[in-house]
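Both of the next two complexes hold subunit A, though its partner changes from subunit B to subunit C.
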Partner chain A sequence: MRPLTFLLILIILVVSFSLIPFGVSSYWVRFLSDIFMMAILASSWNVIGGYTGYPSFGNVVFFGIGAYTTGVLMGKFSIPFFPSLLIAALFAVIFAVLIGLPVLRLKGHYFAIATLGVAEAMREVVANLNITEGNMGLTLPIYLNPNFFYYVMFGILVLTLLLTYWVTRQRLGYGMVAIREDEEAAAVAGVNTTQYKVIAFALSGIFTAMAGGVHAYYMTYIEPGPVFNVMITVEMIVMSIFGGVGTLLGPTVGAFIIEGLSELFSTYFLIIHALFFGAIVILAVIFTPRGLLDMLSGRRRFGLGYFLENIRQNRV
Partner chain B sequence: MFTLQIAINGILLGGLYALMALGMSLIWGVMNIINIAHGAFIMLGAYVTFFLFRYLGLDPFLSIPLSMLVLFIFGFLLQRYLINWVVQATMFITLLLAFGIDILLTNGARIAFSANFYRVNPSYGGARLDLGSLTIPEVRLAAFLVALLIALLLFLLLKRTKLGRAIRATAQDLTAARLTGVKVAHIYALTFGIGVALAGAAGSLWSVLFGVHPAMGGPLTLKSFVVVIIGGLGSTTGPIVGGLILGLAEVFSSAWLGDTWKNVISFGLLVLILVIRPQGILGGTK
Partner chain C sequence: MSEINGKPILEGQGVTKEFGGLQAVDNVDFYLQEGEILGLIGPNGAGKTTLINLITGTIPITRGEISFKGRLIVGLPSYKIGRMGISRTFQVVKPFRGMTVLENAAVGAMFGRNGLKRSTQRALGKAAEVLEFVGLSTKSDMLADGLNVPERKRLELAKALAMEPEVLLLDEVMAGLNPSEVDEAVGLIKRIRDSGVTILVIEHVMRAITGVSDRIFVLHHGQKIADGPPEQVMNDEQVIQAYLGKRYGRAQREGEDAGD
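Up next, the complex of A and B:
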């Protein structure tokens, strides 16, 4: 995307979304805040899973770390919200480096399972620590202001997209894509693959952790199970795939469509809402494995043939 | 003596873990699919046994072949008419598809069977063997032996039959197998069916030992991962060794550190093994 086009899209979005809370009820403000949160998570996953080609199945670990760092700092040490949020992001970076160095040596399935294992292990550790109150859950100071959370989430989303856009036009971004296409060739061409992969992992952790921190403050009460829930990782990946893996705006588009539909659906059909999400996952991976943006890009003709071709390519 | 008792508990538990992981290891090894819905299939097997026990009074051990048959048919159709569409796509597409199936099965079970926890408790449920100061619950011993028997049957199927040879050939080289006349789509469906049937058997045994509820699958999927990774892919003995190691690690860590730490230990073990020796303890060079 050309810088000017991107800037224009961004300005239009920022202006229009900044005005929305003035015109709608707090239900819609919350609804959009949730979508922003999922868009942050999916876009962040896209940095490691999409651009770098390392499909992390444990990215929720950053969300949980962010939520719990913020929660402990605010709830136990009475540190204000924004400093807590920054410390949470810092923790996520440190964690990404420590875990990334050994785990990013693995590839494919093994990387996926290892990251899943890290997230599950972290949930169990948090459930066993005293400072996090274990499975009892942690209470944060109460602050009831939907508009505040709306703007903070939206701000983080804009930051995420800006940073992703900037990174993909740097040496780092090209290095990440080179690693995805052929890691050995990238290494031979002079890309410091270990360093780049760890940086990409940390980048995908920073904003995920911040979203986790905002989520914790917004919920005012967190437990290890929900904030380390593997389903959150799945949602990130599904949204990225649905919108388009390795594209700048794909994950955000995916988040808006899937989270939007799923939220609307859950309002009307409480029980079968989960079934709906399962069906979406299945349909998305079978019919649009390359994402919505590819489907609409016009590179291949759109229609029934498009879906059949995807299936024909991937079946036995 | 206390340590020996813990070790026996761990080994008996490990046999069941091994059976759980056999199916996952088979599907992973042959089709390169990480079946994240594995735990959901275990859950379905457990429900088959539970319903047969509750409404027909069928002995849970006798219902194992039935639950295997039901799950085999289900798995076969699922592979043939759904998973087969994306089986050649990148790995995380199949992984996600399995996740979608898992969500549907788990939530479907919650709606159809309610979220209640049920137990299958046959009259002999409490019987135990006393050997000096050691006690061995008979049901657990029986479950252990059944698990080993099924593992042995799988081993014979893979090594001694024509179907087994076709499965192994497909696992080694899809194109070469196809060129020699193997109907790979059919073999994939059979393999998936067998893997899911093994999950069904594990579920039947699990229902007797630990009960049934719709959300039981998630933790069992993760345990199966740990076992498969520890043991390594590509052999029938791998999951057995991995199962025993996980069983022992769990009982010893909960005896020494407390019950809540046992999952930290098993997931820590998973990550550690992956980092140090990703091919698993028994796996060959990659």
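Up next, the complex of A and C:
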């Protein structure tokens, strides 16, 4: 995407979304805040899973770390919200480096399982620590202002997208995509693959952790189970795949569409809602494996044509 | 071109690679003089690609020493060896599929020798120059996925050249090309050498290898069996035996009466 196009899209979005809270009910403000949060998570997952090609199944670990770091700092040490949020991001980076160095040596399914394990283990750690009050849950100072959380989430989403856009145009972005396409060829071409994978993992963690921190403050009460819930990782992945893996705006588009449909279904068709995620994944993988945005780009075939071609090629 | 002048730019001593009990490369000594084109030949499974993999650090070496411009490079990670000035192509080409042709070459220009000093803009400029050189500039904006086999081979070359190598290791860049494409590739390789790059070529196409090499080096079962000017190596008895079998070698030696 050209810088001017991106800037234009961004300005239009920023202006319109900044005005929305003045014209709608607090239900919509909350609903949009949730979408922003999922868009941050999906876009962040996209950095490691989409651009770098390392499908993390444990990215919720950063969300949980962010939530708990913010929670403990605000609840136990009375540190203000924004400093807590920055420290949460810092913790996520440190965690990403420490865990990434060993785990990023694994590839494909092995990497996915290992990250899943890391997230599950972290939930147990948090559930058994004193400072996090274990399974009792942690209470934060109460601040009831939906508009505040709306703007903070939106701000973080914009930051996430700006940073992703910038990175993809840097040496780092080229290196990440090269690693995704062929790690051995990337190394031979001079890419320090270990370093780049760890940086990508850390970038993926920063904004996920911040979203976790905002979520904690917004909820005012967090427990290990919900904030380390593997379903959150699944949602990140589904939204990214649906919107377009390895594209800048794909995960955000995916978050809007899936959250929107999900809300619609849960209001009007409660039973179908349970089937919703499964159906979306199957449809997306069969008809548009590179996501909605790729369909629009027109570079590859999609839909029934793609499906039939795939069957022919793989002799299913 | 092939006379020895000064220290070799790349040199290996007692280079050995064992896979389990198999000696894929067995105590091989080799050298590359600056500015020469060395042909590396041998039957399938002779250890040619393994040797390249050892030089570039793609797989760890079992024993032996390899030095580049007098500096030991054994044990260095691939990316460091690449940045020092040794580039390679892969026999089974490895394009970055989701990137455009230009971006593929730009990766080499960004991370290769002097690459880190280059901005992304200048790397893209360098990549465009290299694509022009290998004759791919009309395909710049295509996804690498969409290239045909000869084009992919050229792209593989472009990626390596964009790294501004001093030594270029070419692993069967001519396999699968038709005769006129082979001639083009031979011309291209000579032009690369003339621009000051030392080249090691692995090839099965004999016409190409004898046409392009200043010197030929033969591996068989992981061991060096010949090393010298093309005419000499091609008439070497051991080389003929390795390629055509023992009985053929004996038949030739004993004359036509034993040829039934």
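General remarks:
Following the convention adopted for this analysis, the second predicted complex is superposed on the first by the 297 of 316 C-alpha atoms of A that agree within 3 Å, B and C clash if a C-alpha of one lies under 4 Å from a C-alpha of the other, contacts with A are read in each partner's own complex, and residues count from 1 in each chain.
The rule we apply is simple: a residue touches a chain if its C-beta (ideal position, glycine included) is under 8 Å from a C-beta of that chain, and two chains touch if they have at least 3 such contacts.
Here the structure is a predicted model, which means the values were calculated and not measured.
With both structures placed on the common chain, the touch criterion links A:Tyr174 to subunit C but leaves subunit B unconnected. Judged by the touch definition given at the top, the superposed model places A:Pro102 against subunit B, while subunit C stays out of reach.
In the superposition on chain A, A:Glu184 makes contact with subunit C only, while subunit B stays out of contact range. Once the two complexes are overlaid on the shared chain, A:Ala279 sits against subunit B while remaining clear of subunit C.
Within the superposed three-chain model, A:Tyr110 lies in touch with subunit B and out of touch with subunit C [touch as defined at top].
By the touch criterion defined above, A:Gly246 reaches subunit C but does not reach subunit B.
Touching more residues of subunit A than its counterpart among subunit B and subunit C is B.
Using the contact criterion defined above for the overlaid structures, shared-chain residue A:Val125 touches subunit B, although it does not reach subunit C. In the superposed model, A:Leu162 makes contact with neither subunit B nor subunit C. Looking at subunit A, you'll find no residue that touches subunit B in one structure and subunit C in the other. Subunit A contributes residues 169-171, 174-175, 177-178, 180-182, 184-193, 246, 299 to its touches with subunit C in the complex. Per the touch definition, subunit B reaches subunit A in the complex via residues 28, 32, 34, 82, 84-93, 95-97, 99-104, 107-108, 110-111, 174, 184-185, 188, 218, 222, 225-226, 229, 260-261, 263-264, 267-268, 270-271, 274-275, 278. Within the complex, the subunit A residues that touch subunit B are 49, 55, 57, 102-103, 105-106, 108-110, 112-114, 116-118, 120-121, 124-125, 127-128, 134, 230-231, 234, 237-238, 241, 271-272, 274-275, 277-282, 284-286, 289, 311, 313-316.
Contact residues of subunit C toward subunit A in the complex are 56, 58, 77-79, 82-83, 87-88, 90, 94-99, 103, 106-108, 110-113, 115-116, 120, 123, 143, 159, 163.
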